[in-house]
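The two complexes that follow have subunit A in common; it is paired with subunit B in the first and with subunit C in the second.
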Partner chain A sequence: MSAALPHTAIERFVANLKAIPNNLRAATLRGGTPNTDRSRSSFVFGNVFLHLHPVRVHRWSLRWTTTFGLGIMATAAFLITLVTGVLLMFYYKPYPDAAYISIKDIHFVVPTGRFIRNIHRWAANVMVVAVLLHMARAFYTGAYRKPREFNWLIGMGLLVTTLGLSFTGYLLPWDQLAYWAITIGANIAQSPREVTDALNLTESFDPGGLQKLLLLGSSEVGEEALIRFFLLHVMLLPLVLFGLAAVHFWRIRKDGGLVRPANADEILGPRTEAYPVFTEAPKKTYQLAAIVKGKTAAVGKGPENTLPSMPHLFYAELGILMLTAGICLALAMVSDAPLKELANPAVPENPAKAPWYFLGLQELVAHSAFMGGIGIPSIVLIGLGLIPFLDRETAGTGEWFGGPGGKPLVLQAIVVGLGSAIAIEAVAIQFGWIREWFPKAPQLLITLINPGTVLTLVYALYSVWLVKKHDSTRAGALGLFTCFLCGFALLTLIGTYFRGPNWNFYWSPADWPAH
Partner chain B sequence: MRNNKLLLLFGSFLSLALLVVAAAQENVFREWRRVQSTAKAPGGPVEKRLRQVVVPALGVTDRCVTCHVGMSAGEPNVPGNPALAAHPPIPHDPASYGCTTCHSGQGRATEKADAHGTVPHWPEPMIPKVNADAGCGTCHSHIEVPNTKALRSGQAVFERYDCLSCHKVDGRGGTLRPGGGGMEGPDLSRIGAAGYKADWYEKHLEKSRTAGGPWTSTFGTIPDVERGDLETFLRTRVGAPKLVLAKALFHSLGCRGCHKIGGVGGDDGPELTAAGQRDPALSDFTHVPGERTLSNWWAEHFRNPSGVVPGSQMPAMVESEEDIQLLTHYVLSLRRGKFPEAFWPRDRIRAERFGEREFATDGATLYTTFCAACHGPAGEGMRYAGLPVFPAIGNPDFLELATDEMIAATVKSGRPGRRMPAWGEKAGGLRPEEVAAVVAHVRSLSPVRPQPDGKPRVWARPDAAHGPSVYARACASCHGDKGQGGEGPALANKVLLGSASDTYLFETIRRGRRGTSMEAFSRPSTTRPALSDSEIESVVAFVRGFEKGEKK
Partner chain C sequence: MTVTPTPARSRLDPEPMPRRDFLGLASLWAAASTMVFAAIGMLRLPKAAVLASPSKKFKVNLPESLPQGEGFVPPGRSVAVFKDKEGVYAVSLICTHLGCIVKQTQTGFDCPCHGSRFALDGTVIKGPAPAPLKWHKVAVSGSSVTVDEESSVPAGTKVQA
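Let's look at the complex of A and B:
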């Protein structure tokens, strides 16, 4: 730079021109280069995206075993689907037959189109898995407890939105797989008719028919359904997810960061590395904490066990992001997203299967569409939503499988959950169910008594027994949640790998009757 | 922090490495690039890029020419490798018809297995090369083809009169040049499609008288009958000799007696209109050895129908492997592509808009097309395991007694309750003039003629004392005690009794039918005495009673 001040307008102009990189940087970063803890903190706080983070993060939250990065992994998978999804939208045409052709073109001629579609598909699956595991983590560490009840509910909303996103994306390729999976989904939406039919109400009161109509925009899966699913998939549900996720992140920070045991500081012990708390003397210590009421991260605690989010938390988050990307890329490389024949309403798929995460429900749907598709999922969702309000205990918060009973209880619940699910499925597969025993049995009876409801009842009774035995709601919740998780896993496994044509049980697809 | 940094480093390197590999895989190491790099045109290597034929009117986007570069419009020929060379000359320019229109397969694909359609979840794999002209059936499903006998005799005439010395047909002949080095005769391989002048014969004859040289030595008069056969043969020269042969065989075996194609045929077997387009994945290959291809399925099915389709009543109609492959070829040609009418060939328009048949309609071809499977190619009757015996309608004893009216009534109204359909009444059956042509052909199976019969149709006097007992003794064992049939045909049939005269019944009983189980009852046999004329008359009257009994 020239030492002398520029005098003429031209010289000033040239100097400004030269200063553009520096000035642009200053304008972007606002508070100058974030190179000290203090400036980094204000950078995080002042950035529209980063301010969803806490400025400082507890050392407990950075331990890998605290969360295994599952929430970030779900977020990362969502970002990957977002990027790849937008790229796919450049070529995708949401109209029957044209949709199928456009996917063929994406597969065969769009440069790297096949790879991007594969990533999109795998990231969507990774996201579903990560969301489910993240929920399990939050449950087992008691993260739903006060003051995080609301965020648990938001999380449930995110789970439903994630499944909705995945399900609506399933129809878009307009192939046989898509067409018949959505047909099943639509029939499940219509399944309240099972009850209204049995009660002779359908003509005057038909919520099932209305639900199906709302879902498909028509009586069959067709162009109306496709454009509807497309809109939901690329616009409405992503917006809902954005909103819920923003609140979810924000509430983590406002609810005092990630859950940790009351004695987290003792467990962590003193810092091994001598890390300066502030590299620069603070001008206004705790000014922020002073105006924030309640149990927030910093109130009443020294800063000794917290670290600046930038860079500590960001390294962890970016690490998980890149790991997730790597996983999705690797999966995309070894396995192509499926694309079967063009959708053909005249040739039903047999077996027609829903997306894998719904196959556990489809397993129950085989007996009663209403209970499997709507009744039991509703019971589960309501149960999940009630957990934080029924379990008001504090023991074991922040610990894996914390609370009365602990790990042994969870192991026992795994045995009970898997055992009873296997037993009931074995009976249903080996000996059939009420319909096979009494062909004239009314449907309402089967709706009430089927493997799904029996299993739910067994789990519920077991959990009530646990509550009594341990004199703790948490113990019952631990047992019930574990049981449902095991039942879900087992039924999903059976639906995915052991069900063939006409939903008959087969040990291997090799045994399927040839056709 | 160190662990997280390492995680970030690891994740980033992993993603970066995978992206680099994928970028190379998806862009550089594509199969078609490798294929194009082997293509050496005379003017240098071909430009490496995706190529495609797009015909919106046919709904075709075919990227086959990405590998088969020489076949795309405006590209140089790549001699040496037939897969990369220019397409063999055909009347349909691939640039305006696409590839999959004829060959089937997955035109949008850019990888060999996907494009040839030999992958799961692609319902229309390529038609095998040996069956290539079955693809013509996509549009030309209506070529008028006679039965094999007529086709062969036309070909025999063509060869006997030495037409091949000047004319090339299907790659044979055409060596002699008139006037010593003059122009050779035109290639007649497609003359049936292109059409020819009606006065070709007169012109040839005149030339043979005036032009001299080879004209005089090679061409002479051809009798009208043989000229008719010759023209039948010429009309089938449409550039698809194997398809014509296959279609002729299909229409010689009586397949349409049970199967409908394009709405025409019987109802006993499955409709075959689009049998060549069936998704192999929807076929049962449990009992089919070898590859899971449609042609394999059909060939095995023709070898052993009930072995491939359990419960099928269809008999094995042909034995030689050549015929099995021909029938397979014809079935593969049953495609009926849906195209705008502007693309329809003339024969298809004539068939679908003007109601013409998609096969020859002379009596002989109609007979072999609809009747031969059951009644035999020469009316000798057929016997298939598990099915009742089919009557020998070419039997002289039958033709000597049955009037044309009776045969026509039988063809038209069938035998209700039995396998014989009412060809003149059912949908997809025969038109009145076709019934007449079939009757004339049946009549031609034997030189005998029915004698004029002065008696009224019904003249037999009932004889309550003898009729039932004689019938029970002599007839019931084969025809059933109530005429319901058994080893012999059912007699309690309103079409039979409505069209047969008493004279017909009387004489049939009296003389029997030679070559069948029906004996001459006027002569004694080892198991029973002869029936007198009055006993036969009483039986005729008794059988006549079934007509009334049936109406109950």
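Let's look at the complex of A and C:
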């Protein structure tokens, strides 16, 4: 602004008016246009929404095969459920029968209502899939290891919260599917009674009853349960998810970015393009020595093999967000979210099935409510949580299936995991289990020894054997996790496609008996 | 801070603590325990003291001809009422596994959810159900029967008209 300043207030007013677009832009983008490394950095750390990101990102992190964008996909799917969920709340009424009618209205009357509801449902499904695959990615690349153990635990919290969000959302339509799935779920919460009853303790010690009471606010699924599930679904669990996700993202940064092999720089090779690196000399020196341990980051080191997050990381994230939205929209166009008849407490659905990702659990529950619904899931969660503390090795960190055993071990574990699950399920389906063989067997025995617990034991023994054979805790962890994934997949498959009325086994729904 | 080696003290004669440290720690613990108790207090709220469910006691007139071994299910109730030579009795239709409503068959009851099967007297024959079907308390006066769905009586308790 070298021109002479305007003389009169009116002239200044007009000049200010003209300058509004530029000044607005300057006021918004505090660091100026992000076109140098310096301004790109300040673009990130000067922005409250972006500063969870690192300012610069290692080239390894930007490779497709490092993450396949799965964590971002889960986040994107969550954002989509958030937006569509808020839209659905314009019409949804959390009261029995009214809830059903409002969902029906959303489906048939509200403009774009059906489409928005479909997107909400599909985004929730995409989120569950992405979270599971993201977990598998983190596991197989050894990303749970020191110093990332804590973030692995936070990730498990996010998995449980994601499943909780799905489960609580399932009741809200108040149709037959919802009512009976939640009745089963609430009774799983009550199932510690299976043990306390067998030990004659329920009178004085009844954690199962307390859990069900807290969940439903009543002895059965009714208006109290609906308002509780609504509260959990739209308020409490999203808040928990926000908190955990913020810590999760923050810790990625603080734990040194995404995991990468020690020789990542060698594998990547020299840069092929001329990336701007430190284009401006720093204008001030930072006196952090008093509060930061160790040497200053850049002392004695060349520039790291990193790129500015703006634009490299953000464009990648935006791409994944668009891809996720595209997937959800496409699925929402071809497949409608189900809505069955109004909930009827007198007549259960036959078969009454939970959402697909709980059908593996339902398959376990069909052998024992307590062990299948609470015992084995707790063992699995504790086992997964302990993995980073039991496997303290470093070999193979950052590589897919890295560590002793490697890919052949994973293939073997797939065979063992699927094989033993198929064998045990086949025995149970073909020949029955303890109750059919020894009708007088005590209940505690039937609870403790069932196909689910036997399968868990087989997996545990197999991983211990792997630890011994390869003389490596990573080998055991690889085996255990692979078996867990296989068992989950197989049980889910059986529960989804091969279980019909009365939870009997059928090769195809065409064989189901007529009603 | 300079560290001067001091002779090891016993557990019963610990290092003296500066007054400020003591007060600081005490207030920290006081705040922490206040929050814990507040959290417990807040958790008390969602545990309902009065359950919002309709009365589970109902009166019903049995149909004139009720064949032996065939239960009568009053509309909207999850109970099968039977009548035989020894008297009237009511068997709960709520599966003891995960709360689905069982369906009466020729030989007993089948649960549609996870395949539990019960005999006509409610004992478990097959499947994951951990306990037999409940028997409810009944009171008979003339042709009308009062059933209390919240009560339970030992299996085999039949009431004469």
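Here, the second predicted complex is superposed on the first by the 485 of 515 C-alpha atoms of A that agree within 3 Å, B and C clash if a C-alpha of one lies under 4 Å from a C-alpha of the other, contacts with A are read in each partner's own complex, and residues count from 1 in each chain.
By definition in this document, a residue touches a chain if its C-beta (ideal position, glycine included) is under 8 Å from a C-beta of that chain, and two chains touch if they have at least 3 such contacts.
Predicted model only: the values in this text are computed from it and were never measured.
Peer 1: When the two structures are overlaid on chain A, which partner does A:L329 contact: first (subunit B), second (subunit C), both, or neither?
Peer 2: In the superposition, A:L329 contacts subunit B only.
Peer 1: As a test of reading the superposition: which chain, subunit B or subunit C, is in touch with more residues of subunit A?
Peer 2: Of subunit B and subunit C, the partner in contact with more residues of subunit A is C.
Peer 1: Contact-wise, after the overlay, does A:G222 reach subunit B, subunit C, both or neither (first, second, both, neither)?
Peer 2: second
Peer 1: Quick one: is A:H312 in contact with subunit B, with subunit C, with both, or with neither? Answer first, second, both or neither.
Peer 2: first
Peer 1: Output check: A:V365 vs subunit B and subunit C. Expected answer is one of first, second, both, neither. What do you get?
Peer 2: Touch partner of A:V365: subunit C, not subunit B.
Peer 1: Considering only the touch criterion stated at the top, classify A:G46 as touching first (subunit B), second (subunit C), both, or neither.
Peer 2: neither
Peer 1: For A:V347, using the defined touch cut-off, is the partner it touches subunit B, subunit C, both, or neither? Pick first, second, both or neither.
Peer 2: In the superposition, A:V347 contacts both subunit B and subunit C.
Peer 1: Once the shared chain is lined up, is A:I101 touching subunit B (first), subunit C (second), both, or neither of them?
Peer 2: In the superposed model, A:I101 contacts subunit B only, not subunit C.
Peer 1: Residues of subunit A that sit at the subunit B interface in one complex and at the subunit C interface in the other, please.
Peer 2: Correct list for subunit A: 347.
Peer 1: Mind listing the subunit C positions that touch subunit A in their complex?
Peer 2: For subunit C paired with subunit A, touching residues are 46-48, 51-53, 76-78, 97-101, 110-115, 124-128, 130-131.
Peer 1: Which residues of subunit A touch subunit C in the complex?
Peer 2: Listed in rising order, the residues of subunit A that touch subunit C are 180, 183-184, 186-188, 191, 194, 197-198, 210, 213-214, 217-220, 222-224, 228, 345-352, 362, 365-370, 372, 432, 435-436, 439, 443, 446-447, 450, 501-504.
Peer 1: Could you pull out which subunit B residues touch subunit A in their complex?
Peer 2: Those in contact with subunit A are residues 1, 3-8, 10-12, 14-15, 18-19, 21-23, 25-27, 50, 61, 63, 108-111, 114, 121-123, 279, 282-286.
Peer 1: Going by the contact rule at the top, pick out the subunit A residues touching subunit B in the complex.
Peer 2: Per the touch definition, subunit A meets subunit B at residues 62, 64, 101, 104-105, 108-109, 111-112, 114-115, 175-176, 307, 311-312, 315-316, 318-326, 329-330, 332-333, 339-341, 347, 514-515.
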